[in-house]
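Take this structure, written in structure tokens, and hold onto it; I'll ask about it next.
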Amino acid sequence: MNYQQLLDEIASEVRPFLGQGKVADYIPALARVPGGQFGMALATVEGEVFGTGDWQTPFSVQSVTKVFTLALVLAAEGDALWRRVGREPSGNPFNSLVQLEYEKGIPRNPFINAGALVVTDRLLTQTGDAFGALRDFLRAEAGSAGIDADPEVARSEREHGHRNAALAHFLASCRNLENDVDVVLDHYFRQCALRMHCGELARATLFLARHGLRADGRRFFSRSEAKRMNAVMLTCGTYDAAGDFAYRVGLPGKSGVGGGIVAVIPGRCALCVWGPELDRSGNSVAGVEALDRFTTRTGWSVF
Amino acid sequence: MNYQQLLDEIASEVRPFLGQGKVADYIPALARVPGGQFGMALATVEGEVFGTGDWQTPFSVQSVTKVFTLALVLAAEGDALWRRVGREPSGNPFNSLVQLEYEKGIPRNPFINAGALVVTDRLLTQTGDAFGALRDFLRAEAGSAGIDADPEVARSEREHGHRNAALAHFLASCRNLENDVDVVLDHYFRQCALRMHCGELARATLFLARHGLRADGRRFFSRSEAKRMNAVMLTCGTYDAAGDFAYRVGLPGKSGVGGGIVAVIPGRCALCVWGPELDRSGNSVAGVEALDRFTTRTGWSVF
Amino acid sequence: MNYQQLLDEIASEVRPFLGQGKVADYIPALARVPGGQFGMALATVEGEVFGTGDWQTPFSVQSVTKVFTLALVLAAEGDALWRRVGREPSGNPFNSLVQLEYEKGIPRNPFINAGALVVTDRLLTQTGDAFGALRDFLRAEAGSAGIDADPEVARSEREHGHRNAALAHFLASCRNLENDVDVVLDHYFRQCALRMHCGELARATLFLARHGLRADGRRFFSRSEAKRMNAVMLTCGTYDAAGDFAYRVGLPGKSGVGGGIVAVIPGRCALCVWGPELDRSGNSVAGVEALDRFTTRTGWSVF
Amino acid sequence: MNYQQLLDEIASEVRPFLGQGKVADYIPALARVPGGQFGMALATVEGEVFGTGDWQTPFSVQSVTKVFTLALVLAAEGDALWRRVGREPSGNPFNSLVQLEYEKGIPRNPFINAGALVVTDRLLTQTGDAFGALRDFLRAEAGSAGIDADPEVARSEREHGHRNAALAHFLASCRNLENDVDVVLDHYFRQCALRMHCGELARATLFLARHGLRADGRRFFSRSEAKRMNAVMLTCGTYDAAGDFAYRVGLPGKSGVGGGIVAVIPGRCALCVWGPELDRSGNSVAGVEALDRFTTRTGWSVF
């Protein structure tokens, strides 16, 4: 398979989709990102990395980080986490309070905001520094010592973070946060504000394609746990469009409102696409298109 | 009408209901209130006050204060308030986030917690000191200079106030709070922590029975506004049991989880009952029984 | 009070509101009713009837009939009905399935469609002919032997009645219908299709203003039951605008999508207004305006 | 791989789970099925069939049929179906009206009852005989000419089918059924009442493992469509436990309240397990256990 040629062709094919969708505007720091950009990177389990377009332009990782915090918590405590968060698709917007109230403070899954706050809370308890643990993991896996949070984005998240504060206080009222609400939110906002580019994210996601092995060859978690992470990504990773993403792309994936999406082809490679314009579900329009074409061309969906 | 005899007889009749229901236990300071207490007071528009049982025992006024903050805001700005809060019965628990999300941050009515937070926010904007304005109004109307918040209850509310903090942050995320979330919550928690007894509350409610005239004879708001306040109390004043309360009692009323309920018989008198044990909707069991008997005996429901 | 002059003045004042709102169009037979019509009638407890505008033009009574079926069932079985239907305001559209499912087949109140189907089911069990019992009651109270269902409207209701059929089957699945679903629906559709004019409806509603006495002076139900009917009308009678109606009009009332509204001033009179153009809650725009003016002018709200 | 030995070992391991869960009791005909039974069959793409336990005992296929009706409609009309039904996980019970109302009559996916009614309606329009088309397909794929509906179960479904009737009428009220409600329900109830055994169901499901090829080698639909069917099964096939099923089993699957579950390992085989006792989500307790063990032992999840 000539990956480079394939990525270049896909980048060319999705060009007509640039400009469709809408850049996230809930915080000024994101709203300023110019549309019309597109990048795609592929990292193979053998260690090669291919990229096309703006694949080395850093962007705000946002909810894509939820994959890594979840992995860190599962590696540390395993299935104990599932007493505090479910693993069912949500069918509701990522920041809905409704479901959380109906389900008495147990978030539907770790990829909606409420669930991610619980995961960050767990990571904080385990490590004392949730953000630091996440950043160090990403630096190590991506091989990029400079990965860090964008302080302006973090500040902007905090200033416009009333919805997340409402979720966190509600979780606390249900006794489903162990740490101080403001501390959890601080780590969460910095986590969302991490900046990485497609190449870094594809490399950082490889441990899932390698069935649980880290970049340095050490086992991060078991093969079975890697599979289960993939299952959670497939059923819950793309907000309330998970069914559509499974139907069209057929890969475990996780998207963020910064426009990035990572996807895993178990045993082969990890992918990262980026295009800041989002569809109504909050997924990158060009990104989903590119992944759809990739699996159609290669026949490498999981199904 | 021999009010004293009537109140005494009702107090005797509701004795079997003491011990039914459950004292509010969401904060320790309330959970410690001994059950088995009952008081009832009646203040006539002519200025007489009658009482029976524990009618001079101060208790935590809690949501009953929402009548007075609403009145203060309506007196100051009139119908402008209704752009920020509805006046429809809620049909949901008083602290539900669900409805608030479905209705995009416009609380269903001013007597559910979310609505009361908006009212407190308005009062804060108007006066610079929402709690102080409320306390001064109550002192003047009740003729009791010592009325104040119980600092332990206020602190306890704050410490266990995650649900209200969630509501306030959600309102802020919908741009339906003008003041800082923490400042609004501080005034709200102190407001809930006010301590008064039945006699004071009955007197403080008289302005609604007097069609808008204050204790000193000055007009607080128009006759028409007094009627409208009564309408809001009748349809929304007793949490999600407003229909049942209208059916059984047939008076405008407002209850609190401290076990107090005020009620208005327009043109005649204001009533306050108190019994700390609550039914499942959060209304005093003995209090509703007493008001039911009062209107049955006198025939003075509004219908 | 010069009723005739008052009604004529109100009719003149509401003229600018004709044309606002939208004629019900869920069935063709209703959609054909010309807009721009308005009638108002007032029947005093002493037996006089006043009318203005199109007050003698028959229209489709629709949900206004729910007052009368409820009264018939309460007169026959009293509070036993409340085991099968609640009496809390709904806060949801009149034909919502959502609340019914959350509340396991117990409709929120007798004036939403699901609740009215339960009431019709009870009346069917009690009388063997729910529609006939209702029609005979209305003929007797209104003094108009010709009152009957419009067969075309009834047929049209049936043909477009899938939403009501869904509600009825859902109630049956919760074992909250005793009679055959199709039979209950047949009586319900004919009930909705009754045609009466404002004068007839005002007279037919007088038993509530007379505290339970029928047109022939016999007691229909107790004074207490009349008051309770009024309470249910005030809190639940105007769909999800009951709070607004109480605030503006301040009277027990019941509206229908044919554009009619009946209202009760206990001890004085019954009113009926009609204007086919509806607001978004399904209440007659001109009708609510007229009642608002009536209570403002007379000061006769219940509050 | 020694399939026979593997199946026998799994059957032995899941024995302790027999008796856990609860046989479906919403219709008498199902409630009478003795618990404690368990069967499992595996059909390879090469044409071999292996079975263990009660794998040749016919049972009521129920919702498992939804896989086949969906396949028939997609084969005939392709993506046009998705204008009338979604493909997102539901997160609600299979027969909920709530979601259907919020989403205006577009069922969340083709595997909840409302969605399956729409699929049956499409199949009826396409073939004139939805039940017959389904039965003939199953007979051909399973190679069993005797496959048919159990008339007693079909009658029982009809008699207790008010919830499905409510769904169908609601769909009709949203103009999302083309055929007569009673006709659609009749085909739907007979479809649910089909009786097959594990061996027949595993063979009938093979077309999905064969990437779209039927038993006779003809192409039923494209490789891409087979993958997409698998995606819908994985995300929506096991009621509101799809996330849990993906996590534990990691295969496209579809369950029914008769206790059967079919699952697909693309390119390898189709599986059918059966155990009549259900968990709270409506999936066979022993069946899910058996599939969990199968994928753990073989490592053949899709992830």
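Letters A, B, C and D mark the chains as written, and numbering starts fresh at 1 in each.
As a convention for this text, a contact is a pair of C-beta atoms (placed from the backbone, for glycine too) under 8 Å apart; a residue touches a chain by one contact, two chains touch by 3 or more.
None of these values were measured; they are calculated from a predicted model.
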Taking each chain's centre as the mean of its CA atoms, chain C sits from chain D at a distance in Å of 47
Using Cα averages as centroids, what's the distance between chain B and chain D in whole Å? 55
Taking each chain's mean CA coordinate, chain B and chain C are separated, in whole Å, by 32
Which of line, ring, star, complete and other names the graph you get from chains that touch? ring
Which chain pairs here would you call touching? A-B, A-D, B-C, C-D
Which stretch or stretches of chain D touch chain C in the complex? 96-98, 100-102, 162-163, 165-170, 172-173, 181
Chain A-facing residues of chain D, complex: 86-92, 99, 108-109, 223-224, 226-228, 230-232, 234-236, 240-244, 246-247, 250, 252, 266, 296, 299, 301-303
